[in-house]
Structures are given as structure tokens and as C-alpha cells.
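The following blocks contain the structures, represented as C-alpha cells.
Okay, so chain A shows up in both of these, paired with chain B first and chain C after.
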Partner chain A sequence: MDYLIFSVSLMLVYIGLAQLLHIQFGLAGIPNFGVVGFWGIGLYGTGVLYVKAGVPLLPAMAMASLLATALAYVLARLVLQRNGQAILAATLAFATIVSTLVVSEKDLTGGVQGLGTIRFPFSDLEQRNLIFMIMLLIVVCALIWISAKLRDSRLGRQLVAIRDNEELAASLGKNTAATKRWVFAITCGLMGLLGGMSAPLHQFLVPYQLSPSLTFAVWIALVLGGKGHNLGAIVGVFVTFGLFDILIETYAPVPAEQAILLPNFKLFCYGVLLVMIIMFRPLGILGVDKPKVRSSTTTPPRELSNASVEKG
Partner chain B sequence: MLLLDSIFIGLLEASPLILAAMGFTLIFYLNGFMNIAFAESITYGAYSAILFNVVLGLHFYLAIIPSMLLSGVLSVVVYLGIFRPALNRGVGPTEMIILSVGVSFMLRYGLILFVGPENLFLNEPNITYLQFFGMGATNLQLIALVLVLFAAGVLYWMIYNTGLGEQMRGLANNRDLAMASGINPHRTSVAIWFIAGCAGGLSGVFTGVFAQVAPYMGWNVILITMLVTIVAGVGSVRGAVLAAVVAGILTAFITLITKPLYAEVVLLTAFIGVLTLRGARTA
Partner chain C sequence: MRLEANNLTKAYHTQEVVNIEKVTFGSAGLEGLIGPNGAGKSTLMGLLTRRITPSSGTMKLHIEDKTHPLNPFHSHQVARIGLIKTNQRIQGFDSLTIRDSLRLAATPARAEGFKSLFSGQRDSEEVEEKVARLVEAFPFADRNGYAMSGGEKKLLDILRCLIAEPKLLLMDEPTAGLPEDITRSVMDMVREKVQAGAMRVVVVEHDLPLIWEYCEYVHFLSEGSILFEGAPEEVKANRVVAEKYMGV
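Let's look at the complex of A and B:
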């Protein structure tokens, strides 16, 4: 039972990360390949503050997410106005810098020996891991609700406009650079928050957790589920993490000598799935959902609102 | 003296990187997307060398050529099977990169399932340590450097002085005009993917013989290859060579004055800085 709670909590973290990536890439078109970097700042920031500086867990998480936000803002300032491939390479480089620094700064992070132990909040209660899972569930539900609200909002429409044609959006008087920077910084900060919340799940932090496979797992889940659909992240994580990590790895009767190869087989299947989906269903399993056009004060003519729905 | 040392070590260490950067640049230039699966050209080159050198017992220097060609064939197969249909469907550049990540996963973990995750070692020819002007290197390193510089020279000559290179540059700059001028895009693309795969494979053989052959070896150099290529600018093979050499020397220099781990951090930070300063000219 404890193991199932752990797996589901981890899955919630993945769903949250994929949902934030949906805002960054699906709505705003920013290809962030440094997911694990921002998540890792939250994870290790929380760990270092909690273990070395004795800060209580929740303030430590908040401070680590603020740090992730600040660093994301600086990175955004540096490269966000470049083209997609440059952003992709720069964010990937950023994640590598984070994981290298975690290994090299032994005094702070414990290096390869690891950093521990980070306890759950309410550690005197019997059901502390269940309580923590519910906390994660609330955060993830909030993220999904926020991104659904965002998509239908003025800001969301501005993000989509930036994704489709940034010059055009800028020519309409929108400050596109600043909008992108802030959306990027805040969503990365929330990735940091999820990282901070992963710290008590893992309890003991090692640099191995910061390998780029987390970034790719989240990307694969999002692309699989549908990057432009608000529920794509959930579906994608269920199909990848839920199916392979929880169902097959835990419950499938696999002989011991093959069990070592199972993670490799899983990643092989992820690769095949990703290739199939991009070749045959590029918008993902769910496709793209249409934003609700709500007209509160002035009602536009029917044909016009229909046209804008189809365009969007 | 420190400068001389770092130039020397940097050149030795950068020699596989130069080849990898050139191969990566060719595909980037021709098709306009960053092919992360190029990492597997490097890995498969090294594993082919294991096949010819260790399993079939060929001498190391003789095994280089068939391993290189095999890696080139794999590159063409992947192009014809996956990337060409995707390009024909009009998949965008960012989605192409994600697709190439998928291909990379498929090839890498397929390889692990097939040969196992252990590190393997090539049977190196006898190694002697040579010393001159106060700097030391093994004969293997020097031969590798000469071979890589030779291969890089041939590649460079091919791109800037032959019909194939001209066709490739034509296709990259204006596909419609090139086709109207009678260039067969299919044949040229296959040739370029083959050559890029060969360059990656050769790079992998040398990376493997200096250390070990492991499933992640290509992945470990792809980030630096990617950054070198982007900093060099789209499809500038001259720029890729130059940036790879500079990256190698810079890494060696920083490694000599601080810890090796910091060299990577400084190098990556420098790359982000270059991306920022180059402005709209990047990629």
C-alpha cells in the first residue's frame, strides 16, 4: 500500500510537470527541454535548506520555488527571444549545468553521496504519506484548473497569438517579450514547487535523480497525450508512467533475470510510441481542444464568433 | 606553456568532436532540424567496431572502415524509414526534434536490449607513449588525430568543391530552385545522410577506443555537439569545425586550471552567453 501511494504521488508530480509544459509549449510555444533543471532546483533547494540550514519544510519549498522562478527569469531574459532550436539547446544546457553543480558542490549538496533525510510534513501522523499525496493531488488539480482558465482568458489568447505569429501579436501592441518571460518564469517556478514537493517523496536525494530522462519522460507524455489539449498531460502520463511504471513494473509477473531489462524495454517502448504518434497522429491522442469563447458584455455576430472558434 | 598544453590536449580531445559536429551540421543544414538521433550514429559506430574488432577479430585499424560504413547505412535506413516520411508530412522543426528523441530512445534502448548494458572495450593495437617538446601523447591518440583531420579535410573538400556538396548547398538554400535546376533531392539527401552517418560512426570509434564503448556514449556528446553547431550558425561547416576546436581547447584549458566538472559548467554558460549575444543570427 505504501508503495502504491509512493507511485501515485510520483505520477501526480509527472502530471503536474506535463501540465506546466502544456502551458509553456502547447499554449506559448516555448520548447523547454530543461524541465529537470527547474524541478531539480526545487528538489535540491528544498533539500539543502531543510537539511543544512534547518528551515522548516514548507518555507523551504517556497524559497526553492522562488529561486527557480528567479533563475528561469534570468534565463528567459537571455535566450527567450531567440528561435525555438536555440531555446531548446539553452534550456537543455541549463539543466546540465544544474546537475553538474549538484555533483561538484559537495559541501552543500552532499555530491554523489547524497543528501538526506527529508521527512514528510505532519511526520508524527501514521498516514503522513497519504496526507502528502492528497496535498499533491490538490496542487495538481489546481494546476489543471488554472491552465483551463488560462486558455480561455485574455492572457491565454495572447499566448496562442505569440505561438502562432509573434511579430503579428507584437504589432497589435502586446508586449510579447515580457509576457513570455513572465509566463515562462512562473511556470518554471511551479516546476520548482513540484520539485520541492518531490523531496519528501524521495527522502534521500542523489544527483542521479537529475538525469535528463525526467525531461524526456514528461515531454513524451505530453506529446503522446496531446500537447494542445488541457487533459493531454493526464492521458499521456497514464499511458506512459501509469501503464509501464505502475502496472507492468509492479504487477506483471516477469522472471527475475528479465526484470533488470524492464526499464530499458520501457524506454524502448516510449521511443516507439513517440515515433508512431508523431508519424500518425501528430496532435496526440486527444488532439486539440477548442477554447470556449465567452462573450460577457458585447455579443459579437454569430458568424464572427464561429469563425474565430474555427481559427483558434 | 599552459596555453600550449591546452591547445595540444584540446586538439587531441576535440578530434572526435570535430567529426561529430560536421556530421550533425550536414543534416541540420540540409533538413533544417537538429537530429538528436545522430547520437546513435556515434554509438552504433563504436558498437560496429566492437563487432568487427572484438567479435570477428579484425585488427583495430582495419575495423574502422566497415564500422564507419555500417553506421552510414544505419543513418540512411533511419532517414528513409522515419525522417523522410515525417518531412514529407510537413512536421515542424520542434516536432522533428521530439521525433528524433523518440528515434534515439528506440535505437539506444533497442541496442541495450540486444547487447546488454555493460561497457565494452575495443582491442587496441599496442600503445606506446611518445614525448616531444615536453608534451606527451600515445601513438594511438596521434594516429586518431591525423585520421580525423584527414577525414575532416575530405568532408570539407566534398562540401565546398564537389558537385554533391554544391547540390546539397543548393537544396539547403532554396529547395524549389534547386529542384528546378535538375537536382534530384532524393539522391542528394541519401548521400548526405550516409556521409553524416559515416562521420558520426568514425567519431564513435575513436571516442570508444580512447575510453570504453557504452550505450550512452553518443548521448554524452550530443549536447555539446548541438551547442557547437548552433553557435557556429546554420549549416556553416567551416563554423562547426572552428567551434568544435575552440570548445575542445577551452575545455582543456579550464580543466587544467580548475576541476573538470567546472569546465563543463563554464563551457555551457559560455554557450548560453554566445546564444544571447548572437541575437537573430542564431540558427
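Let's look at the complex of A and C:
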């Protein structure tokens, strides 16, 4: 049971990350390949504050997310107005720097020996892991709700316009650079929050957790599910993490000697899935969804057609 | 209203494509800017709206007793003080419908902040009305869908600029790719707004009859420099213009 709660909690973190990536990449067109970096700032930030500085868990998470926001803002200032490849490289590099620093700054992070122990909040309750899973569920639902709100909002429309043709959007008076910067900073900060919330899940932090495979898993999930669909993240994580890491690893009757091959088999399946999706359904399983906007009164055409003919 | 450029130059590598001692737009209601292919008309418009960075020179926009130096501005700031340009080459937002594209242009940037996530209705009645009026005035194949043909995209580009209600609109070859009758209704709509005092317009065109018909003042640009300016009749009669452009 505990293991299931742990797996589901982890899956919720993945869904949250993919949802944020949907905002960054699906809506705003920012290819963030440093997901694990921002998540890692939250994870280790929370860990260090909690273990070394004795800050209570929830404030530690909040502070670590703010740190992730601030770093993302600075990174955005440096690279966000450059082309996609530059952003991709810079965010990937950022994540690498984070994981390198975690290894090298032993005094703070414990280096390769690890950092622990980070306890669940309400640690004297027996159902603490369940309570924490519910907290994660609430956060992730809020993220999904917010991103649906964003899709249907004027800001979301501006993001789509920026993704399609930034120069044109700017020429219509949109401060595209600032919009992108803030959206990026805030969503990265929320990735940091999910990182902070992952700290008590893992209890013990090791630099290995900051490997780029997290970034790739989130990207694969989003691309499979549908980067432009608000529910693409959920579907994507279900067919990857949910299917393989939870269902197959936990419940499939795989003999012990073959079990070590499972991770490789999983990667193989991800690869095949990805190729299939890109070939046959490039927009992902769900495709793209349209803003759901309360249809405003369609103004009757009578007063419309003569507007152009009228002479002043 | 006066849009003024002094000693404005733009060079790509060593090739100077714009070199203008002084030019002023916006004194008349509707002005034309003509010149041969490659004269630098589009480049000049790009410079004035700060989409292109000048090699040297200054640009200023005098508007309602205020003078805005344009050099330090970004392109969105230029648009916000009311200077907007339509595009010669087709540009658009592929994932926005015709209506959404217009709504976007009609929405001021201050209404697009994070708060807009929680406003009940996305667009105000006022915006919807303006959008509906424009969409219904033109024969789009699918008024609730996307701009399909090049012509529709070109038209949408112009309408986006109009709905943003600029004070000074620069139009880069509005007729290119548009059928004659649409061009007419666009230009009539533009003229009507100009006569109502809502905005002033500079049109870049190769379609000279259109220039002669609509413009009160015409600038002639050739090889990056303004060679002649005047009323349409004067420009028509000018020898330099005739030689350099009309191939007489």
C-alpha cells in the first residue's frame, strides 16, 4: 500500500511537471529542457533549508520555489529572446550546472553521500503519506485548472500569438519578451514547488535524482499525450509512467532475474511509442484543444455590413 | 502628428539600403510612398516602427503635443504610442482564428496580464462588436474559422492593424495579393477613418493609380534616398520620378 501511495505521488509530480511544460512549450513555445534543474532547485533547496538550516518543511518549500522562480527569471533575461535551439541548450546546461553543484557543494548538500532525512508534514500521523499524496493531488489539480483558465484567457491567447509569430505580436503592442519571461519564471517556480514536494517523498536526497532522465520522461509524456492539449500531460504520464512504472513494475508477474531488464524494456517501449506518435499523430494522443470561451452574443449582421460603406 | 527621421541610414554589410537626410510623414491625412523595387521602402517602414535597427540617425514621433524619440523604443512600445505597420509579406498567427486574431489586436496589452485568467468573459462586448463589424464587412470564406488563402491572410493583417486603432498607420503594399474590389473597400474604409480624424496613413504602393486617387501628398524614394516630395500632380509631372521609376 505504501509503495502504491509512493508511486502515485511520484506520478502526480510527473503530471504536474508535464502540465507546467505544457504551458511553457505547448502554449508559449519555450522549449525548456532543464525541467529537472528547476525541480532540483526546489528539491535540494527544500532539503538543505530543512536539514541544514532547520527551516520547517512548508516554508522551506516556499523559499526553494521562490529561488527557482528567481533563477528562472535571470535565465529568461539571458536567453529567452534567442532562438529555440539556444533556449534548449541553455536550459539543459542550467540543469547540468544544478546537478554538478549539488555534487560539488558537499557542505551544503551532502554531495554523493546524500542528504536526509526529510520527513512528511504531520509526521506523527500514521496516514502521513496518504495525506501528503492528497496535498500533491490538490496542487496538481490546481495546476490543471489554472492552465485551463490560462488557455481560455486573454493572456493565453497572447502566448499562442507569441508562439506563432513573436515579431508580429510585438508589432501589435504586446510586450512579448516580458510576458514570456514572467510566464517562464512562474512556471519554473512551480516546477520548483513540485521539487520541494518531492523531497519528503524521497526522504533522502542524492544527486542521482537530478539526472536528465526526469526531463526526458516529462517531455516524452507531454509529446505523447499532446503538447497543445490541456489534458495531454495527464494522458501522457498515464501511458508512460502509469503504465510502466506502476502497473508493469509493480503488478506484472515478471520473474526476478528478468526484472533488471525492465527499465531497458521500458525505454524501448517509450522509444517505439514516441516514433509511432510522431509518425502517425504528431500532435499527440489528444491533439490540440481550442479555448473554451463563453460564446459572446454574436452581434447580428445588420449593423455590420453597412459599417464599411458609410462615408464620414 | 509628425513622424520625422533625420540622417537615417541602414546598411546591410557594406550595402547602404536607406540613407535619408530628412523625411516627415503624417502632415497630410493620407500620404503615399513610392519608388522602384529595392528602393528601401519596406526597410524604411521597418526602421520607423523599430522592427529594424538603424545604422545611424534619429526618429521622432510628435503626437498630441508630445515628442517621442523612437530610437530607444522596442517595437511594442512604438505600437503602444500609436504607430503600427501592415506587412508586405504575409504574416499571421496560424493557430488563431480570424476573430481571435482580431480580438488579440483589439485588446490593449494592459488587459492581458495574469489577472485576465480570472475574468469571467474573455472579451468585452466592445471588442466583440468591433471584431464582428470588421469580419462581416469582408467576404471571408469562413468567418468563424481561419484565414485560408494568401489574400485572406493579407486582408487580416491589415484589419488587425486597423482594429488596433493606430494614430499613424503605415501600409506596406496593401494591394499586393488582394483582389481589386477588396483593395477598394479597404482603402475606402481607411480614407473614411482618416477623414473622420481618427488616424493618418502612409501607403507604400506600386499601384500608382491608387496612390494618385487616395493620397494628398507623395514621397518618392529611390536607392535609399528621398528624391522628390509633393502633391500627386507634382510627383506625376516630375522628371526625376519619371526617369527613375516610370521608365519614361
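Things to note:
One rule holds for everything that comes next: the second predicted complex is superposed on the first by the 292 of 312 C-alpha atoms of A that agree within 3 Å, B and C clash if a C-alpha of one lies under 4 Å from a C-alpha of the other, contacts with A are read in each partner's own complex, and residues count from 1 in each chain.
In this section, a contact is a pair of C-beta atoms (placed from the backbone, for glycine too) under 8 Å apart; a residue touches a chain by one contact, two chains touch by 3 or more.
Computed from a predicted structure; not experimentally measured.
Of the two partner chains placed around the shared chain by superposition, neither chain B nor chain C is touched by A:I144.
By the document's definition of touching, of the two partners only chain B reaches A:T100; chain C does not. Using the contact criterion defined above for the overlaid structures, shared-chain residue A:I285 touches neither chain B nor chain C, since it reaches no partner. Judged by the touch definition given at the top, the superposed model places A:I220 against chain B, while chain C stays out of reach.
Contacts of A:L262 after superposition: neither chain B nor chain C is touched. When the shared chain is aligned, chain B comes close enough to touch A:Q85, but chain C does not. In the overlay built on the shared chain, the residue A:T176 is in contact with chain C alone; chain B does not reach it.
No residue of chain A contacts both chain B in one complex and chain C in the other. Those residues of chain B lying in contact with chain A across their complex are 33-34, 82, 85-86, 89, 91, 93-95, 97-99, 101-110, 112-113, 117, 223, 226-227, 230, 259, 261-262, 264-265, 268-269, 271-273, 275-276, 279-280, 282-283. Considering their complex, residues 49, 51, 74-76, 79-80, 84-85, 87, 91-96, 100-101, 103-105, 107-109, 111-114, 116-123, 125, 128-129, 132-133, 135-138, 160-161, 164, 185, 188-189, 192-193, 195-196 of chain C touch chain A. Listed in rising order, the residues of chain A touching chain C in the complex are 146, 149-150, 152-158, 160-161, 163-165, 167-177, 179, 182, 288, 291, 293-294, 296-299, 301, 303-305, 307-312.
Residue ranges on chain A touching chain B, taken from their complex, read 31, 75, 78-79, 82-86, 88-90, 92-94, 96-97, 100-101, 103-104, 216, 219-220, 223, 261, 264-265, 267-268, 270-275, 278-279, 282.
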